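Have a look at these structures, which come just after this line.
Look at the two complexes coming up: chain A is in both, with chain B in one and chain C in the other.
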Partner chain A sequence: MTYLLRRLLHILAVVIISTSLGFFVLHVVPGDPLGMSTEQAGRSAEVRQQLQTQYGLDQPMLTQYAVFVKRAVVGDWGNSLSSGRPVTVALKEALANSLMLSGTGLFLAVVLGMTIGALQGWKPNSFAGRTLGSTLTALYVIPEFILAIAFIFLFAYHWSLFPIGGSADPVLSVIGSATQQLRDRVWHLALPAITLAIGWGAAVARQQRNALLDVRGEDYVRTARAKGLSERMVFFQHVLPTALTPVVVVIGLMLPVLVGGAVVVETVFAWPGLGSLLLKAINARDYPMVSGAIVLTGVVVAAGSLLTDTVLVALNPRLRVASAAGGNS
Partner chain B sequence: MRGIAMPHRAMRYLAMHHLATHRAALVVLALVVAAALLAPFIAPYDPAVQLDIVALRNASPSIAHLLGTDAYSRDILSRVLFGARTSLLVAFLATIVATLLGSIWGGIAASGRGSVGTAMMLLVDVVRSVPRLLLFLVAVALMGALTPTLLAILLGAAAWPSTSRLVFALVRDTQSRPFVEAARSSGATRARVFMKHVAPHLVSPLTASGALLLADVLALESGLSFIGLGVRAPGASWGTMVQDALPYLGSAWWTAAVPCVCLVVTVLSAAAVADSLRNKAVRAETAVPGQ
Partner chain C sequence: MHEARALQHIQMFGNRGTRHRERLGQLTYGGVGVDEATENGTSGGVGEGGKHAIESIGITGNHMVTSMPTLIVLRKCTRQTAVNMGSACKYTVPNLYVGSTEPGRQPTLECDSAGIYASAQPGEFDAPIIFPLFPTIMFAPRYHILAVFVTLAACSGTDSRSAASSATDVLTIATPADADALIPQLVQSTQGKQATDMLFDYLAQPTSTLETVGDAGFKPSLASSWAWSSDSLSIAFTLTSKARWHDGQPVRAADVKFSYALYVDPAIASPHASNFEGIDSVSVRDSLTAVVWWKRRNPEQFYQIATSLAIVPEHLLASEPRATLAQSAYAQHPVGSGRYRFEQWARDRQLMLTADSTNFRGRPTFKRVVWIVSADPTAASLSVLSGQADVLESVRGDAFVNARKSTKVRTVEYGSLDYAFMVLNSERTVGGNRRLFGDRAMRVALTAALNRPAMVSNALDSLGAVALGPFTRSATGVDTAMRQIAFDAARAGLTLDSLGWKTDAVDKLRKKNGKALRFELLVPTASATRLKFGVLIQAQLASMGVTVDLAPLDQGMFVSRLEKGDFDAALNMWRTDPSPVAGLRQVWASPHGQEIGANYGRYSSKSFDAIVDSAAVEFSAAKRQALFRKAYQLIVEDAAGIWLYEPRNFAAINSRIEPTGMRAYAWWADLADWNVTSARVANAPANTAANAKP
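After this line comes the complex of A and B, so read on.
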C-alpha cells in the first residue's frame, strides 16, 4: 500500500520536526527550572549545583537533545524538575483523565454531530434544518470557555445539579463503594464533557451537512433516483458513503484534542488532565515533564492521522487507484 | 472555488434567509468597532483605576456604574470598552498577518513549478499538524508577558497555513481558466498575468475567509487570555476580564456576564458577516460563464 506508506513517512517527519521544535523552543527561552517557584527560591548554591548535575542541565544543549531523543525512544522521562515525581507516572494519570473527558466529549460530538448534520443535509430547506443550521453555526463560533462558564453558572451555582469542578469526590473516591464511585465520576464528567461535545459536535455537523449538500447534486445521485430507488435507498446507499469522507477527515483532525486540546475546558472545570498538567509544567520550566507531554501529544496526533488515512483508503477506492498509478494523492 | 465553496443550491437557501441577519450583524460589528475606537472619549472612568476597593467591590449595576464594578472596584463599562480595543486590535492584526503570510506563501507555491509547490505545501502540512493550542502553550507561556502586538503576530503565524491552502487552491483553479491562458498566449509576463488576471479573483474569497478568521482569532485570543496566557493585567481584554470574574460567579455574576456577552455578540456578528461575504463571493464566481 504505497499511499499509506507515503503517509506514514510524512507523519513520521511531522512528529520528529514538531517534537524537536518543542525541545529547542523550550530550552532557548529564558527561565530557570530550578528557581521558578517560591519553594525553590531559598535553595543553596550547593543544592542547585547538585540538582543541575543530576538532571544534566549543565550539559551543552546538543547533549541534552541527544538525551531527549534517547528518552523519547525508551519512553522514560526521569523525574519531574518541580515535584521530583516520575514523569511517566504523572503523565499516565493525566492522560487517563484527559482521555476520559475528551473521549466522552468526542464520542458524543460524533454521534450528535453526524445525526444532526445528516438530518440537516437531507432536508436543508425545512424549518428544522434551518433552525439547526443557525444554532450550530452559533455554537461553533462561541468560545468554549463561555459555554463552560454558562453551564457552571446555571447547572452548578444556580440549580446545584452538578459539581463546579474536579474529576471526583475526594472522600468518596477513597471510602465509597464501586457503584458510588462510578456514579460520582459520571456526575463530575457530565458538564465538561457536554461542553466539549457541543463545540466539536457543531463542527462535525457542519461538515456532514456541507458534504451531503455537495454530494446530493451529483449526477450519479440523479441516476440512482431515475432508476426508481426510494429516497431512503438513495440516501443510505449513494449519498451517505461518499459524504462520509470529509467527515472522517474532520474527525481525524480532531483526534489530537484527545490529548491537551481541552486545556481551556480542563482549566475552567479544574479537571486534572494533560492540558492543565502541561500548562503548569511549562510555567515551571519543568523540562522533562514538558518534553514527555510534547512527545506524547506528537505520537497521538500521528496515530490519529494514520488512522484517518487508513479509514479514508477503506472508504474511497479512488485513493488506492491513484497511488497504484503513481499519481499525487 | 471548490476549496471554500458550498454547493450553489445551498448558497441560495442561505442567501435568501439570512439577508436580514447579515445586515444586523454588520451594524453590530460596526458599533463594536466604533465603541473600541471611541473608548477614551466615551468611557466614564479610567479602566485600570481601583476606585474604592472597600465600598465599590463587585458593586451591582447602578447609575454611577452602569454595568457595575469588578472585584478590584474598577468600572466594568470602561473596562469592557477598553477591552474591545485590545481584543479587536489583536484580532484584526492577527487576521492581517495570517492573510498576508498565507497569500504570499500560497501564491508562490501555486505559481512555482511542480516540485517547489509540492515542497512548499508539505511545509504547510507540517505546520498545520502541530496542535495549535500546544504551539501557543509553549510559545506564549515561555515568552512571558506578551504585548498585544506580539500576541497578534503569534496568532497570525499560527493561522496562516489554512489561508495559504485556500490561496493555493484558488490560484491553481484560476490559472487553469481559459482567460488566463488567453492572456498568457498574448504574451503577458507571469507577473502581469498574476496581478491583472489571477489576483482580482482572490479578493472576495480572502475577504470572506478573513472575516471568519477574525471571529476565530477573537475566540482564540479570549481563550488564551482567559487561561492566563494572553493579555495580562492591568491591560484588559475580554478574556482577561472573564478570568478575573470567574471566582465571583456565585456572588457577582455580572462581572463575568458582561465580557462574555460582548464576546459572544462580536464573534457571532463576525461569523455572520463572513457568511454573507462568502455567499457574495460564490455568487460572483458562479456568474462567470464557462466555469
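After this line comes the complex of A and C, so read on.
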C-alpha cells in the first residue's frame, strides 16, 4: 500500500514537472498562435487585440500559467485556438483513435514478437526461427516512414487490399450498418497497425530471444529436465515465466507510444490520433490544445509506468521483497 | 388496399443469376411497407429532413445488396412532398442495405441516397434513415437468414466505391488539412472556405472572367437582381423568393443585414472584417430587399460586397453569443442555403456535404462531396492515382509525373494567384551597414545577380514560371511583357563595386570597410520548393562574393520573425487578391507607423502609393488598367522584392470527371456543375488543360 502511494506521488510529481515544462517551453518558443501564417499575421491590430483578449494571451505568462494549472486540475482546457472546439472533446476523440491504433499494434507486436522470440530462443538453430527473426529484423531497420509508404504502395495502391488511409470510409461511417462500420474500421486499421507491429514486434522478439537464451542454460532448468519433465513443461513452467521479465519491461517502455508515439504512422495513414493532433497543435502554437495533450500524455505515461512496475513485481518475487523493503524503510 | 398498391409498384427486372439472386427476387415480391407518414412542416420532406411513409419498396435489379437500385414510393404523396422529392412521389435509390436481423425482430432497410435522409429534428443528419418494417408486409422468417448473409456480403471490401457505386454518388477530395471552421465569418483555411462556399450563398457570383470593377463580371446568385442608387452610394439587392435555408425557412433580407453585422462585430473578431472597409451599413427595405450603403463610392464596391458577404441564417444564429460562436451547436452543424447541405464532420478526418436536391438552382452533379484529410503528400497522391479519392488540388514532382502517366486520372491546369519572392528588410542594419537593403541600387544588383529562369527550371522544372512582379499571370489585364531586371552578373558586379563592395583578392568575398557582404535568409521548412530556392540563391550569390546564411525555420518562427522585422531577408509567398487594389495594398503599401499589414520588408514608396491610390478610385477601366501597369512597372524596377516564381497549378482528377470553371481564386467555384463523362475510375487517356493559364 505504501509502495503504491509512493508510486502515485511519484507519478503526480512527474506529471506536474513535465506539464509545467511543456507549458513554459511552448510559450518561450517564438510564434504567435494568432499569426501562424503570413495571411493571419496581416490581420488588423484591432482584430488581433480582440482575439488576444478573448483567449487571454495578453496576460503575463505567470497569469496564463495559473489559468493553465486551474484548468488542468478541473480537466477543462477551454477551446482550441485553431479550431475553436473544446480541447477536452478533441483530446478524447484523438485518444480513442490512438489507443485503437497503437493498442492493436502493440497487441500484434507482442503476439508476433513473443512467438518469434520464443521460437528463436528455444530452438535457436531452427530454420523457421532464423528466417522469421532475420525477416523481422530486416523490416525493423527500415524507417517507419518508408515502411508505411511501401505498405501503402503495395497493399493499398498496387493490390488494392486495404484503403490508402483514414480511419473509416466516409460514406459507410454515415450510412452503413453497425456491422459494416465495424468491418470497415478493422479494414482501415489493419495496415497501420501492422506497420507499427513490425517495428515493435522485432524489439520484443529480440528481447524474448535473448532472455530465453540466458535462462535455458540455468541450473534450475537442467534440474527440471533431470526430474524428467517434458520439454513443453520445462519451457512453459520454468523457462518462460522467468524470461518474461525483460520482455515486460520492453512492453512497458512501449506504453507511452500508445498515446502519442505513432506520429509518423498516423500522419502517413491519415489516422486522426493524439500524436498527429499534438504535432499540429505545436506547429500552430495552439496553447490550450498542447497543454491538454501534455497533461493527458503525462498521466497516461505515468500510469503505464505504474502498471509496468506492478506487473514486474507480480512476476518477480525478488522485486516484491525489494519493494516491500523499500516501502517499509 | 395498401398491399394492393404496394404490389402494383413492385418492379422486378429478371432473374438472371444464381439461386441467391432468385431468392432476392422473392424477397421483394411481397413488397415492403412502412406505416404512417410523419410528415411535418418543420422538417420538410425527403431531402428536407423529414420522415415519410414508404408505401412499397421494390427491388428493380438483381444486384448484390450494396448496389441495389430500389424504388421507393411515398404513401402520402402531397404536393409539397412531390416538390421535395424532385417532382415525383416515386424515388429510386441506388443502394439498399438489409440489417437488424436479430431473432424476433423485423429486418430494417437503410437507403443510401442523398435525398433519402430523414430526421426528426431539422438539421440532424448524422444518423442514417432507418425505415422500420411493419407486420403487414414483412419478410418471411426464412429470409432473416438471407438478410444476415446479404448484410455480411455488403460489408466485405467496403469503401466508397462499393457503398456508392454510381459515378455521381460521391466526389472525394484528398486534402492536406481539415477545415478550421464552417461559419463563413470565422473561416480562415482554404478547406473551410471550400466547404462554406458550397454551404452558403453570396449575393452575386463572379463569372469565369473575374472583373472587379462594376457589376459586369457578376451573375445573380442569392440576389436575383440589383439596382444602384443614382449617386452609386448604395445598391439594393432583391433576393430570389425561391431561396430556402436547408431547414426549410425562406432566406430573407434580414439575413443579409444580420450577416454583415456578424462580420464587422468586434466580438466575433472576424479575419474578414477588413473586407468591409468603406461600407457604412446594410438596411432592409422589405423582406426580400437588402440595401448596402457605402461611405463613398469606389469602382470595386460591387465586387467587395458580392464576394465577401456570405449570407448566414439570422433565425438560427441571432440567439448565439457572439464571442463563443465557434463553440456553438450551429458551428458543428451549420445550416446554409447553398447547393450542398451539411451532413457530417469528423474533425481531422473527413467532412461530408450532401446535395440539396431542392435547391432553387437545381440539383448538383454529385450527391455527396467528401473531404478526406491526408496530410502525407505521397499517400494523398496515391489515393487519387488508385481511385480511392477523386480530386487532389495540387500535384507536384513525382506525383505529377505519375498522374500524367495514369489512365485513371487527368491532370487539369488552372490559374494561380500565388507568387514567391525574396523579401528584403529595408529597415534592417545588416553587418553594421544601416538600411543595407533600403538602397535601391543594392536591391537591383542582387536581383540582377540571380539567374531566376535557371532557378525555376532547376527547382520546378516546367511546373512553375519566373514571377514577373507582385501579381500573377492569372490576374486580369496583366502585361506579361513589362520590363524586368534581367540576369546580368557582370552588371550586378559593377553595381556592387560602385556601392563600395569590392571583391577581396584573397578570399574572393565582397567587402566594405573590412566587413563582408553577408546576410541571413529565412526559409520556412514547410516549403520544399523554397528550401531549394534558398540553396540555389546561396550558391549563385556565393559566386558573386556574397555570403548567404540560410536559416530554415518552422512556420511559427518564420512568421514571428517576419512580423517583428527580425530578419535580413526571407523567402516569402503570397496569395494575392483578385482585386489588384487589395493585392498591392496588403503587401506593398508603405507602412503607417506600426501598421505594416503584410509589408514585412517595410518597403516604402510614396510614388507607388500614389499611383495605387489613383487606380483605386478610377472608374474608367482603361485608365485604371494603365495606372496599375504603371504601379507594377515602378515596383518591379524598384526591386521592392526579388520576384522568384509563381507555381503552375495542376489538379489530379479522376478521369470520369470533366471539371469546368476551375478558377485561380477558387478551383471549386463550379464544382456543383462538374460533368461526369464515364463510369467511375474509367480508363481515359486524358490529360487536358482546362482554363490553361499561364
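Operating definition for what follows: the second predicted complex is superposed on the first by the 303 of 329 C-alpha atoms of A that agree within 3 Å, B and C clash if a C-alpha of one lies under 4 Å from a C-alpha of the other, contacts with A are read in each partner's own complex, and residues count from 1 in each chain.
Throughout what follows, a residue touches a chain if its C-beta (ideal position, glycine included) is under 8 Å from a C-beta of that chain, and two chains touch if they have at least 3 such contacts.
All of these numbers come straight from a predicted model, not from anything done at the bench.
Under the clash rule set out above, the superposition-derived model of chain A with chain B and chain C contains a clash between the two partners.
When the two complexes are overlaid on their common chain A, residue A:Asn125 makes contact with chain B while staying clear of chain C.
By the touch criterion stated above, A:Pro288 is placed in contact with neither chain B nor chain C.
In the superposition on chain A, contact is made by A:Val47 with chain C only, not with chain B.
By the document's definition of touching, of the two partners only chain C reaches A:Ser167; chain B does not. After overlaying the two complexes on the shared chain, residue contacts for A:Ser177 are found with chain C alone; chain B is out of touch.
By the touch criterion defined above, A:Val263 lies against chain B but remains apart from chain C after alignment on the C-alpha atoms of chain A.
By the document's definition of touching, of the two partners only chain B reaches A:Ile17; chain C does not. Among the candidate segments 76-84, 148-156, 292-300 or 454-462, the part of chain C whose C-alpha atoms clash with chain B in the superposed model is 454-462.
Chain A uses residues 29, 31, 149, 152-153, 157, 267-268, 283 to touch chain B in one structure and chain C in the other. Looking at the complex, you find that chain A touches chain B at residues 10-11, 13-14, 17-18, 21-22, 25-26, 29, 31, 124-125, 130, 133-134, 137-138, 140-146, 149-150, 152-153, 157, 210, 213-214, 217, 256-257, 260-261, 263-264, 267-268, 275, 278-279, 282-283, 290, 294, 297, 301, 305, 328. Interface of chain C with chain A (complex): residues 97, 99-100, 110, 112, 126, 128, 151-152, 154-160, 163-164, 169-170, 172, 178, 180-181, 186, 188, 266-267, 269-271, 273-274, 323, 326-327, 331-332, 343-344, 346-350, 352, 368, 370, 372-376, 378-379, 382-383, 385-386, 388-389, 554-557, 559-563, 572-575, 586-587, 594-595, 597-598, 600. Chain B contributes residues 6-7, 9-10, 13-14, 17-18, 21, 118, 122, 125-126, 129-131, 133-134, 137-139, 141-143, 215-216, 219-220, 222-223, 226-227, 239, 242, 246, 249-250, 253, 256, 260, 263-264, 267-268, 270-271, 275 to its touches with chain A in the complex.
Residues of chain A touching chain C in their complex: 29-32, 35-47, 50-51, 54, 79, 82-86, 90, 93-94, 149, 152-153, 156-157, 160, 163-180, 183-184, 187, 267-270, 272, 276-277, 280, 283-285.
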